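Below are two complexes that have chain A in common, paired first with chain B and then with chain C.
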Partner chain A sequence: MSFKNKNPRDVEADLVLSDGPQLTRGEKFRRGLRAQSGWLFVAPALILMAVFTFYPIIMAFIHAFQEDYNGANGTYSGWGFSNFVHVVKGDLNRGGADFLQCLVNTLIFTFISVPVSTLLALLISVALNSIKAVQKAYQTILFLPYLTNALAMGAVFATFFTVVGTKSHTETVGIVNLVLGLKDNPINWTDVLSSPKWELGRITIPWANYIVLMVYEVWSGLPFKILILFSALQSINKQYYDAAKVDGASRWTTLWHITAPMVSPQISYLLVTGIMGGMKQYSAVVGIFGEKMGLRYEMGTMVGYIYNYIGEDKYAGLAFAGSLILFVIIMIITWINNKVTKKRTTYR
Partner chain B sequence: MLRLLAISSSAAGWILAALVCVIIAELVVVLRLYKRYRYEKSTRIAADAVHIDWSQTQYVRLEQGASELDVEKELKRQKVVGIVKNVFVYIFLTACALLAFLPFYWMIISSLKTEDEYREAVPTFFPRQFQWGNYKAIMNQSTSANSPTFWRILLNTLVVGFMSTTIGVIITVLTAYALARMNFKGKNILFAIMLATMMIPGEMFTLSNYLTVSKLQMRQTYTVLILPFLVSVYYIYLLRNNFMQIPNSLYQAAKVDGLSDMGYLIKVMVPLTAPTLISITLLKFIGTWNSYIWPRLVNEQQWQMITNWVTGSFVDRGNVLYGGRYGDSDPLITLKMAAVCMVSLPLFILFIFCRKYIMRGVSKSGTKG
Partner chain C sequence: MRISIQHLTKIFPSRTKGGAAVHAVEDMNIEIPSGKLVGLLGPSGCGKSTTLFMLSGLESPSSGQIVFDDQDVTTLAAEKRGIGLVFQNYALYPHMTVRENIRFPLDNMRIKREEGNARALDAARLVQIEDLLDRKPNELSGGQQQRVAIARALVKMPNVLLLDEPLSNLDARLRLQTREEIKRIQRETGITTVFVTHDQEEAMSICDIMVVMKLGVVQQIGEPQHIYDDPNNLFVANFLGTPPINIFKGRIEGGKVYIGDEAVSSTEFADQPVYVGIRPEGYIYDPKGVFTLDVDHIEVMGRDKSVVAIHQSSTKPTVRCIIDSDVALPEGATQLRFNIKPYKMFLFNAESEVRLRVGEEQPVEEDVAVVEEQPTTDQRG
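For the complex of A and B:
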């Protein structure tokens, strides 16, 4: 009997089966059952997942296609795509979030703040990599925002931008207005009503409010990006830089032609994970603009749109349809991720 | 769907079109970077060869023409340029470090100011007089008429955090062990299905789960906060990979010594993978500490968590601090900042002391907390 290339459990079973006396049927059955005892170990996880993961996924797909689905008693009038039509058209609006507004908001936040913070993280990591003295100290300070509570820190960022007091009697205009020299004519950056915005028909672009959120996003996203990029930079072979120096390449050329390609797997990885996180943006917006994401979801996000229907059983179908749309968007990003970063290997 | 968008608003359509352009541009950049990376990788050996060539040519050039004086001058110039560049790098890094730290500093000093000082036209960067009463005020009174006190909320958070962390880690260990070391029919399919659920955004579960727990009458309890988040596929995956690295010979040795599967798991596997287990425990607790949406949806204020508490508005209840100068409708920012400190500082301290473990867990997943 060969023991090579065999799992120890099989070997053990072979030993028992071949050396022992002829087994009765009952004994064989018991042995076979014991081999399946792994199911006992996974059972708790499996039961919980069945209730709170598998079942919800199936139900989400079903409810999204049930017309006039009512969450309270489970009634519906038929099958079809009307939930999706209502979501996109926004014609069942009852003073809540508008899907198109939320989609545009989410896309703008994500596709501006993620590249900006990645680029900034690259610059900071390159700078961090090029110094020797007190490198550790800078590293520690830059990593501090790594672990924060989005709702708590969002409130702190809101105080930087908020004007306290009434229009006739302003008490403090906030640091940002002071720094920008808007002391006498302050912008209330966190207020959706009075802050400057562009009206574009069905949707509005409250750009002043976007800036507040993006500043927070960049601040909170930097540590993770610096961590990944900095460790990638440290593993680059120094020979390339020596070669570039001999060639007389400028710092900028070196950055663009050597550093960027060498860390490009990490950059694309950060972009994709950042975009995926951005599509699920929720807590920071609530932290800065309050539970209603403005007054009436002017700063709403996709997730905010889904949650604004919770508790309103009449509109549960719309929430499910919205979550399915988010799911499809995230699947597309995942697919691109798999296409682009198949070979990301060096970070760790 | 595109037609619907176009009809609903032409301006919105333009914005969307512009966004699509931005997205495509960004994708192109990513693809170009990636291609260049692959190209670099394939020509790495060639580049090394070129490197030698370059140094040789320079050597030849030096021999032919350049006088020694020029070389010294050039070296001096390079040194000066290097120092100037270094100064710029340090200025840039210092500015970034200051900006990274500013919110924490602002949060702490604001929580110690009096509201009068906070609302001065020109903000002070160090409190003139420390008002510890802010902390006392938010700890001992509720934020609004029917809301719980801080102590109740802290109790909720600690009970839920402790329970979900302990049970969650036990379930994770059992499942990861079965998936890594035991043989049973359908193991690989099970693992594949579990991994596939990681791609699905959590919002899809939350909606149905909300309906489920409403039907099961589980709302306004601790159970509803604990149960849905006990199983985390990512941690199971992480721990399974760790278990797989432990050599099989240990298992055989343990079997010879008469250990059961369970005994082997507890006496050998768990101690060997302790660092990963610590990471998982910490991250699970931090996740509970930061959980916001689910407690808000399923529970009323008495049963909510600390992050729900911090989003409330804090007023000078009972006119303890300012004798009625700020009424019940005027949320005080200093009190809010004190609350924010109470929520953030434990995380801060945890991060400083357990940085290694937390980073190890998070840097592999690419998601925060």
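For the complex of A and C:
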């Protein structure tokens, strides 16, 4: 409200008016509108999120509980938990993905590759932090994988590990077999059929394939983790290291009792986000093992399972139920993560 | 542990290309007897902390030797020297409790947990923090953190205790209290202790031996009172004492010391331009005195009073004379006359700023030579 060009008595009148009940209807409306104007500013984001996030989440919830939901025409026969029962039992998988297999795969991939790559990233960051010359060059090299496409990296990995040709006539055995000295009797690391495996009832563990995927996971997870840890290391006061030196701490003690605790907030951040990302693994597996994640999802992941069924109109309900289960699992793991890391990183 | 520092020099290479290297410490020679509390004193950038870090082994000297008792430790690693070091910012490990912080050096020596805890408790008792053992450093006040840092340095029973500006992060009251505390701990343990400070009052109050440094060069070594009463040069005279010494431009002419037109004292030195330093407590009020000052104002402090005066030959804006509060001064006087206590007045050559001393032939030339070629004080004591 502008007091400009008004005589003092009018200003006084305005002030009396704005005191409360004497407001005109127009004024009231304008003020009400003004109070709500914040919505205008968040509207673009809100609309996009409503369309692409909230609506799908709600629909997934609804479809998960619809029996015999048909993705093609949207019909269903009733409400219940039968989708979840089918998911867990795996009785509808007709040569497609098995939920239990995908769940076990995802958990193993995640809980091995994330801690290993975080630990490696810590060691590399410490090493990087302790060199002075060509530090920048190393930093760049280590960060490059972060900028590379996952499918392209998967394809490169496949050539490292894949044996091309037939048993009687091999074209190439791949660089890994050469390095390991398996030239004459190569393991076809990326081939699910010929991979050595362990059979555990419903679940198959093709461990040679597992190794390939986890090497890839560790390697591709390094750049971001190194970036975070390296910058955290550089902000540690050098005096702690001087103190540790005077106190007679060995390098090992310094690393585990000084450095690691100092960057523990960053470590826990990397573990939490790494595990969340690992649970949603999809593209790398497809990049290395093909669209079917093996012959029939032996290397399948949870997201792979969901993607497999979302396209099948008759069984789309399985995908929705599966995604809800994944959601709950991630929530539980994150909750445990928070509990553990809060205890471990109390000093900040 | 006896400490002997011989020709110790530290040169930091220039950060910029073609820039001059920094001589942080130059040809330092000090003998520290066992069980003494030694203060390295000087303004910022005088090399006192660098000296301390060379003693600790965290910095390696460019040349020279450091000898503990009879062992040359110049190239010995920090952890093998048996020293305890207290950092300026304490450097307590934030994720460890006080007990774990104190025990950390013992853990590294592979001492058993129970014994480590017992010794940590002993060290904590010595600095009176035994109630705080289960706290984390960020739950402690500055003074408490300081004590933890001292306990951590003492727990391994070091031969030498080194403290880097131990009081600079404390507030004024705590500083007074803590410096007494450091003195007490040093007496109780009998550990040879070296500490760094830029605060002359702090150094004067607790040191057995004081080392005054300037731009990497030792200016004077000795007992605090001795250095105060018998400074080697203008810098040392100026640096010690609160309020600081009054410095006048003067000259020696025919066996008399002149400030302005007044002959304030007789002398046996040759004619030359000089700086005349007079301690604030060196003035005696006398209506027939030899030295006249224009009074600016008088500050009454209770125990004594300060005459704040102006003199055209003074190198500072004001001159301060401290006299007993029972000396009656004339009301509203604009000029006062004083006599000067001879032992509170020092003469310095105007060029070299070196003290003129009785019994030294040609003191000017000789002292200039000493400063340029061998800038240590060992010959002059």
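Here is the rule we go by: the second predicted complex is superposed on the first by the 281 of 348 C-alpha atoms of A that agree within 3 Å, B and C clash if a C-alpha of one lies under 4 Å from a C-alpha of the other, contacts with A are read in each partner's own complex, and residues count from 1 in each chain.
In this text, a contact is a pair of C-beta atoms (placed from the backbone, for glycine too) under 8 Å apart; a residue touches a chain by one contact, two chains touch by 3 or more.
Source: prediction; values computed, not measured.
Enquirer: In the overlay, answer first, second, both or neither for which of chain B and chain C A:Pro115 touches.
Expert: It touches chain B, and chain C stays clear.
Enquirer: Let me test your reading of the model: by the given contact rule, A:Ser264 touches which partner, first (chain B), second (chain C), both or neither?
Expert: Both chain B and chain C are touched by A:Ser264.
Enquirer: Applying the document's definition of touch, where does A:Val156 land relative to chain B and chain C: first, second, both, or neither?
Expert: First partner only.
Enquirer: Does chain C touch more residues of chain A than chain B does, or is it the other way round?
Expert: B
Enquirer: So in the superposed three-chain picture, is A:Thr253 touching just chain B, just chain C, both, or none of them (first/second/both/neither)?
Expert: Second partner only, chain C.
Enquirer: Which parts of chain A are in contact with chain B and also with chain C?
Expert: Dual-contact residues (chain A): 239-240, 242-243, 246-247, 261-262, 264, 347-348.
Enquirer: Which residues of chain A touch chain C in their complex?
Expert: So the residues of chain A touching chain C come out as 237, 239-240, 242-250, 253, 257-258, 261-262, 264, 346-348.
Enquirer: Enumerate the contact residues on chain B facing chain A in the complex.
Expert: Against chain A, chain B makes touches at 1, 4-5, 8-12, 14-16, 19, 22-23, 26-27, 30-31, 33-34, 36-40, 47-48, 50-51, 54-55, 58, 85-86, 89-90, 92-93, 96-97, 99-101, 103-104, 106-107, 110, 118-123, 171-172, 174-175, 177-179, 182-185, 187, 190, 194, 197, 199-212, 227-228, 230-231, 236, 248, 251-252, 255, 261, 286, 289-290, 292-293, 297, 307, 310-311, 333, 336-337, 339-340, 343-344, 347-348, 350-351, 355, 358-359, 362-364, 366-369.
Enquirer: Where on chain C does chain A make contact in their complex?
Expert: It comes out as residues 56-58, 77-79, 83-85, 87, 89, 91, 93-96, 104-105, 107-109, 136, 138, 152, 156.
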